[in-house]
């Protein structure tokens, strides 16, 4: 089972990892974008942690809704609304608390679909979607195979990381990187890289 | 005796030396000024040579007056009017043709005084005057000692070169370099350097 | 990195405070720049915005005859929905509000969210996508909004001052965007304060063709060439996409770090190119208007004019960045 | 060196051709920029000029309410007497001509020669020397003319449009110069096309204090500091020379390569400084007006205003570089 504290811990760990990896994310964005992805997420996730500390939410759903709302309010750019919608949609989908792995997997899938709908991106477009969809698939399989929460989240994190690395040879079809045409090939997508960090964070706090 | 052709040759050789030393003069001006001295003189002296070729003057006085007028018309900046006045004043002073060394020395002194009057600079201010006055003095001594034209002009060239080098430790009190205050110390004055080139040119064509 | 800033985090706020201090005709609240006079009843409100770093765009175009409000995001980061909602509500004079949005994923998403969430205000939007360096296809996010944003804000602003209804103003704005084409060339990259170093490195002898206004690298890199050739490259790209004819509004825009004298050199070549194609420069603008921080380079934007658009372009405007007629 | 030029030799001419193409209100002849309308009978003519590379100064200030002609020399090289003579004769409307000359040996000598040689025109001259970084003493060529040149050209231009006699216009010009003080700070040097490389090298962590507008090095070099401190250095130098009080006209001027946003950051600090001294920013100007090619940096110019000077500053002006009121 995944309780409210776990979700709070998820965002604290995400914020820590993003702060640690901020310059790498910004460098990735500099190569095929505008060099602000790390700064933007760092700003947004630390605001999320402040908000969660200021008034501790009573349920997983509340944690996710608060986080999503703050990301939309504070991050800006493309990633703000996209990540914001991911978490808000998950918050909407998760009615139970504590949360079962199955419930989480379903909510996560809903969130990824929300991103795809908002950004009109599909796998292969070299976006965060390329890290998020493999993670979602890994969660679904884990539920089917009945593996434990931690193992499932580790599988999801691995899948996300793999998905992020897999964006390197892709030519971007969405976002700023698409302006580069062929020149976007050979660089990891910053949003995919940050998505992989979020799942790494979840796996480690569930450990 | 110094005939009209010698004066024409003087400006041709000056133009050649200035073209050759243009970048050095500009570098000197970059250090304590605005990096245009070489370009300005190069432009002006090649115009002088064109004019002298287009309609060959009949006397030394004409050569100098034409040269001075063209320098005023084409160079601009501080050096244009200053060098222009030097040669125009010499042209005014030189009535004889061919010219005796005594006549030349007197006319040159008049020219230097004209520069001092126009620019209100005195020796030690770190300007072209610091190369021109030693040259004028050397000419006067040569006349007194009755040495030959070539030897006199070589002495003048040496004195001018020494005078130019002597500007290195000086703090500028006139021109752009004076804005630098103490920081003008340690650099050769570009105008003094170009003045030395003019006298070197004269010595070599009189050889 | 060497910049005239206090801290990388405070640069947007500090610059806006300076703007407010310099221009009594403006008010700044929560990184939104407003006309001090407030909304005019019955006039359509114009709200634009986007990431900062493009000054004078957008904040410098707030005032009579142009924008009512500009929402300023962090450097190169589109603003979040809240200030856009706040601005939209504040400038509504009862006739509705037009959002002028440059076509970037972030700008589009945040303005869309704001438009959905705002209450009690009729909102229309126009997307600016004039940059011919990008193909508008399934393989891209579509053309970027660059120089034409200024044309749209000026001409739609003039239409709004005339008291025209929202759908008219929106239609004029869309028409200007549809007619406009831009192409940009960079001599250097730019340095966002938070990044601390140039977004890309350009060798001393190379220029970047087809750049946007966020320091993104362009489509290709070629050796530096005389202004005449570089102007030709930009104009060929525009002419190839939309053959030049008739009366044109032409802007030669500096990317922020290029001195005015060089922009005039480029404009001379652009004007000659236009003449050579049998078209005519009817109106022009030369200067740093839609910039990319300290980037050196230029962009050309062309918009064919008719009498009505010419009249609206000539109409009085009084903003920090663009002013004539009053 | 990377520049938007055709050749180093043609840059001044090419830029002026571009200006003429962009501004039908101007005419260019022999590197002199004139009002297309020509001289107005009975109006004092205003002629200024100097080396090029300071754009929009001077050519960008030709037009109603400012200059009648600007004589443009080579980059950083004052013009020769002939074009100054030609300009002076051409703009004379019978009321005489005022020469506005920045205090540099070259400018002074060439304008003096022109004034002596011109025939049949009453000529007065005003020397601009506002730069407090230079001590006016026997040990210097005197203070440099920098930002105050714009103030002198604008205010004397307004007086001339009112039909005032030459001695009045000259007196107003001299008064504005006497009141004005400037100080400049550079983050980088600049690169004259003919030199091909920066005039001086400034380490990544240093700034140059007390610079002029010809890329000359300044008086001293210090480590880069926040905008607040750099603005303080400039304002202390000005305040120390002329205590700030009353209503002030304040310009924060960019050196050419500095983006507008940074200039606004500086202006915010300057405005706070002025307020802190109990004085008031009554009028202000923020932008790249008196530049040094692609140099990054800024200068501040301050001029105490009285009602009359305020009125003349506010009077309509219509030039490529400065425009309001029409």
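Each chain gets a letter, A, B, C and D, in the order it is written, and its residues are counted from 1.
The rule we apply is simple: a residue touches a chain if its C-beta (ideal position, glycine included) is under 8 Å from a C-beta of that chain, and two chains touch if they have at least 3 such contacts.
Keep in mind that what you see is a predicted model, and the values were worked out from it rather than measured.
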With chain centres set to the mean of the C-alpha atoms, which chain is at the far end from subunit A? B
If you average the Cα atoms of subunit A and of subunit D to get two centres, how far apart are those centres in Å? 54
For subunit A versus subunit B, what separation do you get between their C-alpha means, in angstrom? 75
I'd like to verify one number: the distance from the centre of subunit A to the centre of subunit C, where each centre is the average of its C-alpha atoms, in whole angstrom. 32
For subunit C, residues contacting two or more additional chains: none
Going by the contact rule already set, what residues in subunit A reach two or more other chains? none
Draw the chains as dots and join the ones that touch; what shape do you get: line, ring, star, complete or other? line
All chain pairs that touch each other: A-C, B-D, C-D
What residues on subunit B touch subunit D, complex-wise? 26, 30-36, 39-40, 43, 72-82, 118-119, 171, 173-176, 178-181, 183
Going by the contact rule at the top, pick out the subunit C residues touching subunit A in the complex. 51, 73-82, 104-106, 109-110, 113, 133-134, 138-141, 144, 192, 194-195, 199-200, 212, 214-217, 219
Footprint of subunit D on subunit C - complex, ascending: 2-7, 11-12, 14-19, 21-22, 52-53, 55-56, 60, 187-188, 204-205, 207, 224, 226-228, 230, 256-269, 271-272, 281, 284, 286, 288, 291, 293-294, 296-298, 318, 323-326
